[in-house]
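Sharing a structure here in structure tokens format.
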Amino acid sequence: MRLRELGISIGVLPPGPHNAITDVPGVLVGHSTIIADEPRVARTGVTMIVPRAGAIWSDHVFAAYHSFNGNGEMTGLPWIAESGMIGAPIGITNTNQVGIVRDAIIRHATEQRYYESFFLPVVAETWDGILNDIGAFHVTTEHAIAAITGASGGAVPEGNVGGGTGMICHGFKGGIGTASRVAATESGDFTVGVLVQANYGLREDLRVDGVPVGRLIPESEVPSAWGPTESSSSIIVIIATDAPLIPIQCRRLAQRATVGLARVGGFGGNSSGDIFLAFATGNPLPAAPATPYALQMLPHAQINPLFRGVAEATEEAILNALCAAATTVGLRGHVAHALPHSRLREIVGRARAAL
Amino acid sequence: MRLRELGISIGVLPPGPHNAITDVPGVLVGHSTIIADEPRVARTGVTMIVPRAGAIWSDHVFAAYHSFNGNGEMTGLPWIAESGMIGAPIGITNTNQVGIVRDAIIRHATEQRYYESFFLPVVAETWDGILNDIGAFHVTTEHAIAAITGASGGAVPEGNVGGGTGMICHGFKGGIGTASRVAATESGDFTVGVLVQANYGLREDLRVDGVPVGRLIPESEVPSAWGPTESSSSIIVIIATDAPLIPIQCRRLAQRATVGLARVGGFGGNSSGDIFLAFATGNPLPAAPATPYALQMLPHAQINPLFRGVAEATEEAILNALCAAATTVGLRGHVAHALPHSRLREIVGRARAAL
Amino acid sequence: MRLRELGISIGVLPPGPHNAITDVPGVLVGHSTIIADEPRVARTGVTMIVPRAGAIWSDHVFAAYHSFNGNGEMTGLPWIAESGMIGAPIGITNTNQVGIVRDAIIRHATEQRYYESFFLPVVAETWDGILNDIGAFHVTTEHAIAAITGASGGAVPEGNVGGGTGMICHGFKGGIGTASRVAATESGDFTVGVLVQANYGLREDLRVDGVPVGRLIPESEVPSAWGPTESSSSIIVIIATDAPLIPIQCRRLAQRATVGLARVGGFGGNSSGDIFLAFATGNPLPAAPATPYALQMLPHAQINPLFRGVAEATEEAILNALCAAATTVGLRGHVAHALPHSRLREIVGRARAAL
Amino acid sequence: MRLRELGISIGVLPPGPHNAITDVPGVLVGHSTIIADEPRVARTGVTMIVPRAGAIWSDHVFAAYHSFNGNGEMTGLPWIAESGMIGAPIGITNTNQVGIVRDAIIRHATEQRYYESFFLPVVAETWDGILNDIGAFHVTTEHAIAAITGASGGAVPEGNVGGGTGMICHGFKGGIGTASRVAATESGDFTVGVLVQANYGLREDLRVDGVPVGRLIPESEVPSAWGPTESSSSIIVIIATDAPLIPIQCRRLAQRATVGLARVGGFGGNSSGDIFLAFATGNPLPAAPATPYALQMLPHAQINPLFRGVAEATEEAILNALCAAATTVGLRGHVAHALPHSRLREIVGRARAAL
């Protein structure tokens, strides 16, 4: 179930065909989902975003990041800041295993003899230690590589999948969500796609299109997975676009994820790792060029529709994660309840009818 | 008229006694307002924020900034970034006259023999060229100094005053607004105060506590000052707190202004200079100490109430600017209409009643 | 007199025809020099660097900055960081008058109806209060505009001119200096030009091509202008290149000025404003394009010769400032002595002969 | 053999008792060195710096980083930037295995039940693929933990040890080096210690105290390990001090490593990961405080001796790495020759005698 299937949409721009990050041509998503009850409880996994299908190792993308609250990890940041480029799939997993996933990307590149690529992988995380026995270190090199080799385009599985398997958001079950927007500019239409691993926020702060849904579903009705006043985690936002942006413009897009997050109810809490990465596929970037790159650059004055697209798609991607995620029982019997769809539909419907 | 006088409040934290940046002890605000029709139209001015009444030149404050969208000016940034300190009043004026206000602060310090202070003033701006004949360069050194010497505590004049005199926000008349919050932490209560010079945004994007008020007051009812699809300006947010923060924590506060701005309807449009400055008075910082400073530092784990306070106070300060500002006719007969209070009250009332 | 006329050169790359920032095609430099003894002592001025002769207002350049030590001012930084562009001449003056020079650039653009340009000028400073009665605020709007309109290509006056008139460096008379390098890459030859306003450093730290010249010219021989253990000032470095760089690469160049500065003897002392700005003219950037810019981008893997060029040209530009500057008597009879050429030649000659 | 044992010293400040990073009280260093010829060639390892002996997991340190050229990895950067703190040992290893070392720190903390610590480890790297069969992934979790548990104070093994085992510097054998300085301030004496993993630079650029030693030891005398015109690697610099600095001041120290590096001959080449981390132990920072921290902060105006200390100790630490490293034959018979001590002594001696 996705937000729009409940009759609710966000913003004014139209989504792409799958309303997913994969609407950006060439972008693939793969998940390795790890669920087990024995010998130790596993509710975790890895998600991989491949920026250019079949080519990322030899044809890089421009990229930049923004840290809204840095209580989290994203590897590879110095080279993104310096070069504005990424040349490998991007991983998201749990906090304890960023390292094995990072090294796995290098192992895979080495085995496949992707020699043109540099070896500074980008891997991010959020913490799933409420539902997942995170000290069991369930993720293996093979899980990470399988998420790359199994990545595909089209509709993206959401909720309790991949890196999002054990995540919690605004007290409900969270996880992976995605959305997209088509942004019309004077230079033509471009797609902005967003994928989130949502694991942050308090119940009371949850808003859907401005409506304070969280406050209206009390603890007595659906108890929060972390308790009502606590939240110790994070959201990773990956933004893709086919617009011809240069790195400085990718950074502008990355920062706009803050807008969507703020509108759902995030404020970058102290224990939250709210780190946003944006990449742009609109320019080919061969890994080892002999001559200067010939680039296109969207004029800054035309970028507002992309900013709006990032804000809207981030807001909707988080809500898609909440709508898709299923109630989960995990470590020590902890329960994260799904956001009740009927209540969501009812509350938002009531608020809209009044306007 | 302020937002709360209309029966509308924002968020969950209580405001301070004046619901103003001056609720932070020692913080003063002064305005020089310049209104004239001849020889050239003036709708402009200067606002000064004094971080420590009577002492800022010799007892500095910790500070940091965040640029959400940098299409604007704030002087003094390299030394704020390097030292984490400010030692002079902070000015806000129009785009063309940042320079004269900046140099005026040095002139004033020189004349008053404030020799302990460093001379890298912090002055920011937004662009008032729709209502004000900005090419007439109305602001003088005397206006700038008068805003310092006339600064006071207590209630702060809002709307068409000081630097905000000619500003426009979400298509309505904008200007200066302020608000505050009392944030309860395990180390005690601290005040967060915010002052904005609001001059950004589209009508359609305006929300009040999540309610899409802008969409519900059509152009046919109240025309936008810029036209419905354009906005070429900016918001400056100044944040004060008496909490004992170090500079790295001031930066965290500064970035949280994004949350309040996003909730009202800002997204950091390309032509917007959305620059946020936070200072903390909780530690004395003599300008020329002989021995190490003895500081207090709020633990990061206790900072969330301050984050929430910045978000709420920024949101309310913008709305206070909109509520206080009066309809203004300016350059070439351009009109910026006040936000109609009755319609605001009615729309928000309807939405709330439905929940 | 320039360093090479003394038989000393720096590094391995060849300089351009004028060994000056003006070797980058289209770059102009203008100086307004203000020297007076009455009614108050003036040893100050303004220097302007025009990035594109006759076109900068409508054809911008990519740019970025680096702050090695931020105890100084450079205006316009938020928009450089956000957009990566500059669209006006760049000013350098004394600390107290950054503002009037900044506003003067806007006045000039307004008067000339350069309506395509944005209005966030870039002006930097160093402090000349030892030799110049800085509290007299000698620089006027007219001085600033004259430095723009009088800017020219070819050989650049150095030493006691423009913004450098009253500056002091490593205890000797400092000021304006310039140098250039031709950097051979696989994509062809590019020029890197550097202009400095040098006003930093202790005698004992001065090195010329690694030789500790400062230590070998004792205070008893030539007394330091600030006293032997004090230095309260700064260096501004402006870097130009005709290579087709994007903003992220301009930032890389800007940071490399640190290398040249460190080799002469700078370490970014606390009271120093060591701020570096790099711009690249290799791509046309019309101010108001209707379609995406078509850009060239030098591959990162070919950028090392430019890095080396910045390091060498910065080192030599500082030394050119020292060689060109003449002994100056200023405020209250303070004397800044010229670096004695014969001693410089002799010491470096001896060291080189030994290798 | 260390630089001073050859009769050469750098700068004017006195070193601490061991002229090592461990002169900062409580700082420990541990190495796991991995050398094997079969089944695959290993010339690699891990080095760990423990910021507070026996206490880092529950008593953190202030920290900050600077990236001079970001073609390298250092994990944990978002939280350092956000919080200004580190709460675990800091690892340095080879490029391919940052991940396993990073996760190993979490495993170790989990096993030891260091529950107070956060779990965002800081691990950096340089690339040893010339001498080491880096695709064999030799480093294990056990190697990483052994470097922590075996860390000690006092003299630090240098050269071909730990993470430095397979490194190359200015064409000679490089690796681990360390040095320290005692910096006298008005607030008392503080120690600055530096440890480098040096793996960067061209032969022709090597300078020792300004003397162009690299140019004077031609390829015909000692061939460069990478060939004379290539260098594809990096330097990690870790800076420790017992001064009471806040995070913004640690960043200032981190950036000053550039000065020392530039003086030896580094210029932040494109393929170099020149990333610098500084931490300050001068304030206790309990991991879970109930009340505000009581801190000391060295006034900015007293920080210059620390800046000078960082510059000098970085320069000397690199040279100590070069002096201590032994000629190494590695993968496919590649040879990295030791810097010939007698030639170094002779060349520098000649240059000094001439002054």
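By written order: A, B, C and D. Residues from 1 in each chain.
We take it that a residue touches a chain if its C-beta (ideal position, glycine included) is under 8 Å from a C-beta of that chain, and two chains touch if they have at least 3 such contacts.
The shown structure was predicted, so the numbers you read here are calculated from the model rather than taken from an experiment.
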Taking each chain's centre as the mean of its CA atoms, which one is farthest from the centre of subunit B? D
Same residues or different residues: which describes how subunit A and subunit B meet, taking over half shared numbers as same? same
Name whichever of A-D and C-D has more C-beta pairs touching across its two chains. A-D
Centre to centre, by mean C-alpha position, how many angstrom separate subunit B and subunit D? 44
Rounded to the nearest whole Å, what is the centre-to-centre distance of subunit C and subunit D, using the mean of the C-alpha atoms as each centre? 33
Subunit A and subunit D: spacing of chain centres that average the CA atoms, whole Å: 35
Show the residues in subunit C shared as contacts by 2 or more other chains, in ascending order. 69, 82-83, 252, 300-301
Please name which positions on subunit C make contact with subunit D in the complex. 12, 68-69, 204, 207, 209-212, 216, 252, 255-256, 258-259, 262-263, 266-271, 300-301, 303-304, 307-308, 311, 347, 350-351, 353-355
Per the touch rule above, subunit C residues touching subunit A in the complex are 82-85, 186-187, 244, 246-248, 252, 288-301
Please name which positions on subunit C make contact with subunit B in the complex. 67, 69-83, 95-104, 106-107, 110, 118-120, 123, 135, 137, 273, 275
